[in-house]
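Pasting the structures here.
You will see two complexes here that share chain A, one where it goes with chain B and one where it goes with chain C.
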Partner chain A sequence: MTALSGVSLTIGERETVAIVGENGAGKTTLVRHINGLLKPTKGSVLVDGVDTRKTTTATLARKVGIAFQNPDHQLFSDSVENEVKFAMTNLGFAPEVVAQRVDWALKFFGLEDYRSSSPLVLSGGEKKRLTLACILAWDPEVVVLDEPTVGQDALQKEKLAQIFRLLQSTGKTIVIVSHDVEFLWPIQPRLVVMSGGRVVAEGQISSVMQDRGLLDRARVIQPQLLRLHSELRDRPPAPFLDVSEARAWVEGRDSRQERR
Partner chain B sequence: MFWLSGGFVFRRVVSPFHKLDPRVKLLLSLELFFLALVSSTVAEEGALIAVVLVVATVARSLRRIGRTVLFSSLFAAFIFAINLVFGLGLQSAILYSVRFLAIIGSTSVFFVTASPDELEQIMKWMRLPRDVVFAFVTAVRFIPVVMLDAFQIMDAQKSRGLEFEKGNIFARIRNMVPILIPLVVNSVIRSGELAEAMESRAYGSTPRPTSLYGMRTRWYDVVVAAASLVVFVTVTLYIYHLAPL
Partner chain C sequence: MTINPRAAESKKTLATIEGLAFRYPDSKRRAVAGVDLEIGEGEIVLLAGPSGCGKSTLLRCINGLIPHMYPGEYSGSVTVGGLKVSSTPMSTLAQNVGLLFQNPENQIFMFSVERDVAFGLQNLSVPREEIRSRVDEAMKLLGISELAFRAPHELSDGQKQRAALAGVIAMRPKLIILDEPTSLLDPRTALEVVSLIEKLNRELGITFIVVEHRLELLVPIAHRLVVMDQGSKVMDGTPQEVLSDPRVEGYGIGVPAISRLYNALSKDGVGFSKVPETPEELARELNRA
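Coming up: the complex of A and B.
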């Protein structure tokens, strides 16, 4: 079975790229190539000029941090603090650097109060934040996030968006795999649309999201704001009196006739 | 890991062996298992492995069962070494390790060809308690899920710089902790959720639930079962009475 075919993609330094597409489109398979968890059977994947087939995942981990979709697949330590330390000790960081980075990560993600708690007792949202803390603690150049908003409430999503903006400002290369176009829209990433193991479109989110035919084929829904914009743009101008009349107009009803 | 465990995971293919009544498949597997236990020479055990591979070919699962037998050779080598260390002699050491492979092959034949549904039907037919049947079948049904979990956990830990193949034997065992803890915790959580979901869907509300599928014995099932019994009795008699000791 071929999971990916004919994929040619360049992600620039300090760039934010979002990969969207239907379930089974090959998004997660693609990002697993970035840190060498999967090696291409044909072609090559280069990370900062290094061919992933010629190095180990552990070596690439210094440059590429991946936060997986399900936090339960990685949390195992007896405390939140040790969980954050884990990767840094694997990567051979000095103890004083580890302590410093752990403090920063826990504070940054609002997990200081859970420092000595077991990661297994945290809520879903806290676990998700912890996995991000684990990745960002060792300061990788490339941050890959697989479905970061799954299981997050609106407030957490807002906080995540803030974190992304901060990461963008610090010059990180960010790759996000997500179905959540509402979340992606304010971040304004370069969008890569995948379908059937192929990249079917790429470009700025504002332009790719205008192509309704493409989005339908890739089973991606436009953000609400854009849908409303298209809806209003495609209709002839109408004099609005109040909100209910505007709503009736958008829904194709004539509220004045109804009133009569 | 999958190469080793794949021989115990059901594979849905169309083959004459898969079409057999699950009781006949169990009978064949038990006959092979018993013969593996009573065979007393390396040649007999080798012949038995050959029979297992023939059955696997008929079941269109030669690659899967063959790989499991092949990778079990690592454990067989361990058995061989242990027997040598405890002074059982070279011949016995070889016999026990080959017997181990024959046992793996004979049980693998059943698990690769019998679906969890068929396993459930057999256990119900044996009149085992319903809860025991459900627990066992669910455990079997979840083997592929747990395996997938294990692979994903390994990927997550490798992404955090963990190297499983690094260090001596003790370090390698210690490296398994970041895999085993999430795997066990996930399995426990999943079992709790499954229990709640089953109860929500009226599990246990009636002592005698009906079954959508049943087992049917056809003419070829009878032929295969009878033929295998004849061969089994003949070989057993040969081993006990005719074979040189």
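Coming up: the complex of A and C.
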């Protein structure tokens, strides 16, 4: 079976890219090429100019951190704390830096109480957050997150959105695979739509998401605010209603926040 | 998608939860701290609340995992279909209440889909012909008849989800509990699962309790939205009532964008004739306002 066929994609430095598409479209397979876990049987993948077939996964791992979709595939330490330490220790970070970053990551992701617990006793959502804590603690240049919102409640998703803004402001390159269109919309990433192992569209989320036929094929639905936008554009409400506020919402910026 | 008439009229009670409290050993606070809840026959109840609010514990109390499998401090009572959960064996409860886990891989494990769907019935020593017909019926209902001889690992996530649900349906429970049934699915497949819940509810009269963080998916079919926070039930009503109540945004349950916009506009004095459930409805309301 060919999981990917004829994929060409360029991701710029400091860019935020989201990959969407049906179950089995090849999204996870594609992102596993970014840190060399998988190497192409045809074609090539260059990360920061280096051909992944000509280097080791260990070398690529210094640049690229991946949080897998299924946290059970990457958690193996005897305690939550050691799990977070693992990559940093292997990358040769000074012990005091490691300690400081472990504290930060566990606190940020609300995992302090589990510091000495086995990762196996965590709930699904907590395991997921632990994988994110592990990646963000060692601060790679490229952050790849495969379905980070699965099992997360609204508060955790809001925290995740904060992390995205933080990562964006510190110039990280972010690749996120997600089905959660409502989560992606306010982040306004460049969107890559995959279907049947191919990239079928790419562009700003606000324009790509307009194409309902394309979304149908990739089994993606429009976010609520975009659906509202289309309706209002086709049938504008009576003029006495000031829709600028609604428009601002739809476009992902809250005008009231801007005024503040 | 058709919206069910609100099931309130002909409501017979299916489950009654009274003064329920539960504390896990080694835990200082009670995971469920005094919950009263009545669930009517044929209702689709959407259960929401932040992680750790007690949702999963409440579900375990309804299907009997608590107190039968989990030790802890239990008080109050839960009755489902006339059976008192704490004094009814799990095998009897399993015929009343079906549970679908978040990850279908945690519950499909046989060599073929068909064997898997039949598993629960075989354990109850249901006669062979009866198993045959119930399994066929369940697979047909979920549109997976052609997958009968496939191994679970050959299925897509959406197919696995449907296979697991077929196994639950074959038991013909009165109540099905779904714990984040769509979290692993692409949006279109997620909507298909939602339509399926609506269909099973409409055609077979099965009652559903669904935990889901992406409320916007379930709101169009749910009859009721119950919000939990810190072990207590804090809101309970139709999704329209709950989502248009200003208090709802304080519980961190991911109020859908449409509801937030509706609430903001209502506060600013825009008059609506009804609470919208979809973006299209909100647009129509804005045109009417």
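We adopt the following convention: the second predicted complex is superposed on the first by the 233 of 260 C-alpha atoms of A that agree within 3 Å, B and C clash if a C-alpha of one lies under 4 Å from a C-alpha of the other, contacts with A are read in each partner's own complex, and residues count from 1 in each chain.
Everything that follows uses one rule, which is that a residue touches a chain if its C-beta (ideal position, glycine included) is under 8 Å from a C-beta of that chain, and two chains touch if they have at least 3 such contacts.
Here the structure is a predicted model, which means the values were calculated and not measured.
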Practice item. Counting touched residues of chain A, say whether chain B or chain C comes out ahead. Key: C
Point to revise | Partner chain(s) touched by A:S44 [first = chain B, second = chain C, both, neither] | key: neither
Review point. What is the contact status of A:T56 with respect to chain B (first) and chain C (second): first, second, both, or neither?
Key: first
Practice item. Would you sort A:L120 into first (chain B), second (chain C), both or neither based on which partner it touches? Key: first
Exercise for review: Name the contact category of A:V181: first (chain B only), second (chain C only), both, or neither.
Suggested key: second
Practice item. Look at A:H73 in the shared chain and tell me whether it touches chain B only, chain C only, both, or neither; answer first, second, both or neither. Key: first
Review point. Counting only touches as set out at the top, which of chain B and chain C does A:R219 meet: first, second, both, neither?
Key: second
Check your understanding: Should A:S5 be classified as contacting the first partner (chain B), the second (chain C), both, or neither?
Key -> neither
Review point. Once the complexes are superposed, what residues of chain A are shared between the chain B interface and the chain C interface?
Key: none
Revision key, fill the gap. Listed in rising order, the residues of chain C that touch chain A in the complex are 49-51, 102-103, 156-158, 180, 183-191, 213-214, 216, 252-258, 261, 264-265, 268, 270, 278-280, 282-284, 286-287, 289
Revision key, fill the gap. Counting only contacts in the complex, chain A reaches chain B at residues 32, 35, 37, 56-58, 61-62, 64-66, 68, 70, 72-76, 86-87, 90-91, 120, 134
Review point. For chain A, which residues are in contact with chain C within the complex?
Key: 21-25, 123-126, 147, 150-158, 179-182, 216, 219-221, 223-225, 227-228, 231-232, 235, 237-238, 241, 243, 245-246, 249
Point to revise | Residues of chain B touching chain A in the complex | key: 149, 152-153, 155-163, 177-178, 181-182, 185-186, 189
